[in-house]
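Both of the next two complexes hold chain A, though its partner changes from chain B to chain C.
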Partner chain A sequence: MPFVRALLTRFATTLVTLLGAAIIVFVVIRIVPGNPIAMMLPPGATEADIDRLKTLYGLDKSIPEQFWIWLVNVLQGDFGTSITSRQPVFDLVTGRLPATLELSLMALVIAIALGGTAALTATLYRGTKVEGGIDVAGGVALSLPDFLWGLALILVLGVVWPIFHISGRVSPSLGFDFQSNFYLLEALVRLRFDVVLDLLGHMLLPAIALAIPLAAIILQLLKQSLKECMHDDYITLARTKGYSETSIITRDALPNAILPTLTLIGVQFTFLIGGTVIIERLFSYEGLGNMAIDAVINRDLPLIQGIVLVFALLFTLVNLLVDMTYAALNPRLRHA
Partner chain B sequence: MPDARGQIRRLPGLRLWLSGGWLLLLVLAAIFAPMISPHDPLEQDLFAARLPPFWEQGADPAYLLGTDSLGRDLLSRMLYGARLALTVALVAGTLTCLVGATLGLIAGYYRGWADLVISRLVDIWMAFPPVLFAILLIAVLGTGLTSIIIAIVVIDWTRFSRVVRAEAMSQGAMDYVASAQVAGRSRLGIALAEILPNVLPTIVALLTLEMGIAVIVEAILSFVNLSISTDQPTWGGMIAEGRTSIYQAWWVLVFPLFALFLTVLSFSQLGEGLKDYFDPVLR
Partner chain C sequence: MSYLAIKDLTVRLKNGVPLLRKVSLEVEAGEVRALVGESGAGKSMIGKAVLGILPRAARLTGGKILLDGEDLLTLPPKARRERIGAKAALIPQDPLTALNPSRRIGPQIIDRLVDILGWKRPKAEARALELLDEVHIQDPGRVMKSYPHELSGGMRQRILIASAFAAEPKLIIADEPTTALDVTVQKQILKLIREMQERHQTALLFVTHDLGVVSKVSQTLTVLYAGKVIEDTNVRAFFEAPAHAYSQALLAATPKYTDPDGSLMPVPESIITAVEQEVAAFDAQLNG
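And now, the complex of A and B:
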């Protein structure tokens, strides 16, 4: 029962966080000096036109009133209408979200593969120059943010050796008719490997840029945990049984060392998702973050509000999931 | 293992020297930019557009690092860009540190409702993508140096408050705090005289890290054209320009990117080095 209660409390704080995030954005974007209505009017519009439009978008009411109306609508699945494109915000956001999700998940997979391999290699060759090299590389990787890695990757693998595409999500010349917005998933399911390759050619650089800092964090923590494990008795036992060092590290040490890293990956994953905003911009990748920047520049209030809410929802969901996974994996917490 | 310890001690020394050296160079460049810049950083010369750096074929020795697509001298723009980068790093970094550390100290030592409010705020802050939040704030505040600094403080105070809160909490549970309480010291006196000095090494390390982050945030804002007026040279603005002409003139992107790389790396290495230096265990 205490577990259920802890879960409910956790759920309640999640809701409070979401509500707080929604309120802050709502207030912040409504004190914008530039009037969003002014931008959509043709020259020569009358006062009456302005008032009509204000009423249409509910901008003539007080901010608390506007928030209440917005909240009630959101709970009914209505996120309003984008001012610039005149399309429902919900459709715009759900149209772009899959692109961002695919990119983030691919970056996560790359980060785990890269960081995990580096940590295992460094543990296997501990005390040698290999470990020192990995440490230095990890330190540099950690110090520089995804934005700079993205630019460096564009230069090296996009221009000097043009192996990858540096802008967009898919080549238009492919002429592939997507039925969903999960391009990569759909191409895989429909077994169109030429399309998969083209999508990967576009996604890999932004995904690697997002993955590098996280990979470095995984490397440091996992290596530390592995190092601590290597002095335990069961490792000595496995060694006396004559298992190879590689097998000892991967089969005996890793399962015992991995829990702190898993938790950390969960928390860091939200930072990674946050990084997609500028990385998508950098690579002209048509995801949610890229759309968000346009929305801010165009002062598209309903769209900004919708996108920020989706990001906040994503972040809090990931955190909730991490906590629950941790509780499920850790017997000490399960009975607490 | 005396040997391993020696390694740890030697390495930060080198790191500190290298990163400190680059930052010093940058400070000098920023201060003396008007004197050492070979050209006016805003002067356009379409006849000298996209000149390559000096070692390439077709370079003009008057433009050491080449020119951008409007014929502006890259070296001069880099030097002037260093001014803005350093101003943002120092001012925004310090202010963020003051605000965040103060709130963290209050939350961690005083606890109670103050902690409740501050921690809930941190939670809410963590639900925003920072870059999007920054862009949103600049859209609200308008572009300009003050807006950038305010935006950085508003976004990043949580980085300090989270860490300082945790440290202050663990320090607050120590015996020396209890004995100071028994000795009749005031709460504020204990927070400032006992807790703060023990949290200071962490704060200093975070501060230099934050300076690097501030430089990046400014570059990102310049990149999406939301930093300061477009006629003032910034590294981020140069990078944005370089990104669009990357196939015609790679050098427009490479030099500011290189400067940004070294600067951010230096700030973070300085932070790491200082942390080791202040760490009583390593000392």
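And now, the complex of A and C:
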């Protein structure tokens, strides 16, 4: 079974990638200046106090030794304890991960919807002013990074016209008792549309800010691929069959044009997840990225390590997903 | 009444350069008419104009295209498209690029039957199987589920022929359907097109630059030069004695299988000059 073997190979490379990422971060955060002990003790603490704490957290051992201890613990499901909050890293990270997942998936959906629609429309009206307008909009969208779009959105839709919330994930005044950390999903399942509306009010601005640059990239690449496909012979043949331009673009050209865009979305989506760190900070959105910044400020080594591991896992999963979709959409790859 | 009647068809590039100069021709139901000429003579352009697939740089500036007695050019776009889809079909030049690589064969044959003509899917599928059998494809059920890249060039051209006949069109336009195939397959495909045309009694417009093929396939032919009709005749008369000097030169330039060592004879310069002058005089008359 070549499929099973490919899957196993993929699984193995994923493990190696994760291990690599873990090692790099583990070493780097211990080499850079600033240590957690100094952050925890009041000024004027004695050497003896410092040494006692170092021993307590295992920081007196060599880095390879520390890593080994950490790795053995992780393999037993123990990701350590946060130095600042004294809570298990695993609970902290899994508590925040859903918030970041919801935000980045929402951003992805918005980016694909916006960029895809724009590319299809521009192809349908190629050579006209509509295409020109869409090109200009794409250029503008691409010329600013996500966090500047975030600031602009806060200013316009949060301050000048306060349509959206600009801070947090949910209004505390709602008093809704969430059973899980997937707030949006849970509100949808429980059919509490007032809560959904409030959550969207918080989530949409940061999601749009993350989505705008990606939408522009999708637009440009997909439009280019579509245009190339429109010259192909099977498109001409479809025309003689009586199909409209719209259905030719969506039915015949799109499946052939979408592959490069799909790969690009995969790569760019990992950047988008990286972008959540700053965007979550900007919107005080209680996600993983926001927690990562706090963890770095406090030199909370176990927490940083845990967060990085989760991000690395996310990235490799996204890449795996892209490869699988690619094979599903391109029949020529399936037999290779 | 001819099934396809083209009258004074003029196609120009956007900058005004004429590609077709007042072309008129007719094809009866059951008739095979060859369109011959050098590259750039406009023979493919006629087929494209009829099927509504002119390149974006070209536009139709005059004339009429009557399909089954109905002037296509006066119809609104949607009705024109659907009329062409139901009554005419194209056998394309290159079978390797004319099938959509990401769709299975079956849906590509039946799509117009279901989407445009409103057939029920099982009926359309039965029809596709029957057609694949008609074009001598073994195991049509498996082929229907295949992707184009899994099939050979000859197979794909057979499929495209089957697909062209799917909606029982009464006009088929074959645009150099054997040019992209290797010689051994060419013969089989030609025979197949002829066989299908006879069985379904369609009018066939056969675009080719190969006069050797013309005598095997068609009853009538139109010779084109620079988008102008040079000669419109039947095949027997043409091969016995072409009327126009250019046609004579074209016929003389055809390599003969009976004389494989004979040197290639290009169309003489003097004849090109004469036919160019004729076209120029025709243009002057048009514009004057």
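What we mean here is this: the second predicted complex is superposed on the first by the 303 of 336 C-alpha atoms of A that agree within 3 Å, B and C clash if a C-alpha of one lies under 4 Å from a C-alpha of the other, contacts with A are read in each partner's own complex, and residues count from 1 in each chain.
The definition used in the following text is that a contact is a pair of C-beta atoms (placed from the backbone, for glycine too) under 8 Å apart; a residue touches a chain by one contact, two chains touch by 3 or more.
Since the model is a prediction, treat every value here as computed from it, not as a measurement.
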Three-chain arrangement built on chain A, chain B and chain C clash or fit
fit
Now for A:244: first (chain B), second (chain C), both, or neither, which partner does it touch?
second
Touch test for A:255: chain B only (first), chain C only (second), both, or neither?
second
Once the structures are superposed on A, label A:236 by its partner contacts, choosing first (chain B), second (chain C), both or neither.
second
If you stack the two complexes on chain A, which partner ends up touching A:175: first (chain B), second (chain C), both, or neither?
neither
After superposing on the shared chain, does chain C or chain B touch more chain A residues?
B
Geometry row: CA centre of chain A as apex, chain B and chain C as ends, angle in degrees (steps of 10) is 90
Which partner does A:293 contact after superposing on A: first (chain B), second (chain C), both, neither?
first
Looking at A:77 after the superposition, I want to know if it touches chain B, chain C, both of them or none. Which is it: first, second, both, neither?
neither
So, A:275: does it touch chain B (first), chain C (second), both, or neither?
first
Smallest separation in Å between any Cα of chain B and any Cα of chain C in the superposed model?
9
Chain A contact set shared between chain B and chain C covers none
Within their complex, state which residues of chain A touch chain C.
127, 232-234, 236-244, 247, 252, 255-256, 329-332
Taking the touch rule as given, give the residues of chain C at its contact with chain A in the complex, in rising order.
51-53, 56, 78, 81-86, 88-90, 92-94, 97-103, 111-112, 115-116, 147, 149, 160
Touching chain B in the complex: which residues of chain A?
13, 16-18, 20-21, 24-25, 28-29, 31-33, 139-140, 142-145, 147-148, 151-152, 154-155, 158-160, 166, 270, 273-278, 281-282, 289, 292-293, 296-297, 299, 304, 307-308, 311-312, 315-316, 319
Chain A partner, complex, touching residues on chain B are 120-121, 123-124, 126-132, 135-137, 139-140, 142, 212-213, 216, 219-220, 223-224, 226, 239, 243, 246-247, 250, 253-254, 257, 260-261, 264-265, 268-269, 272
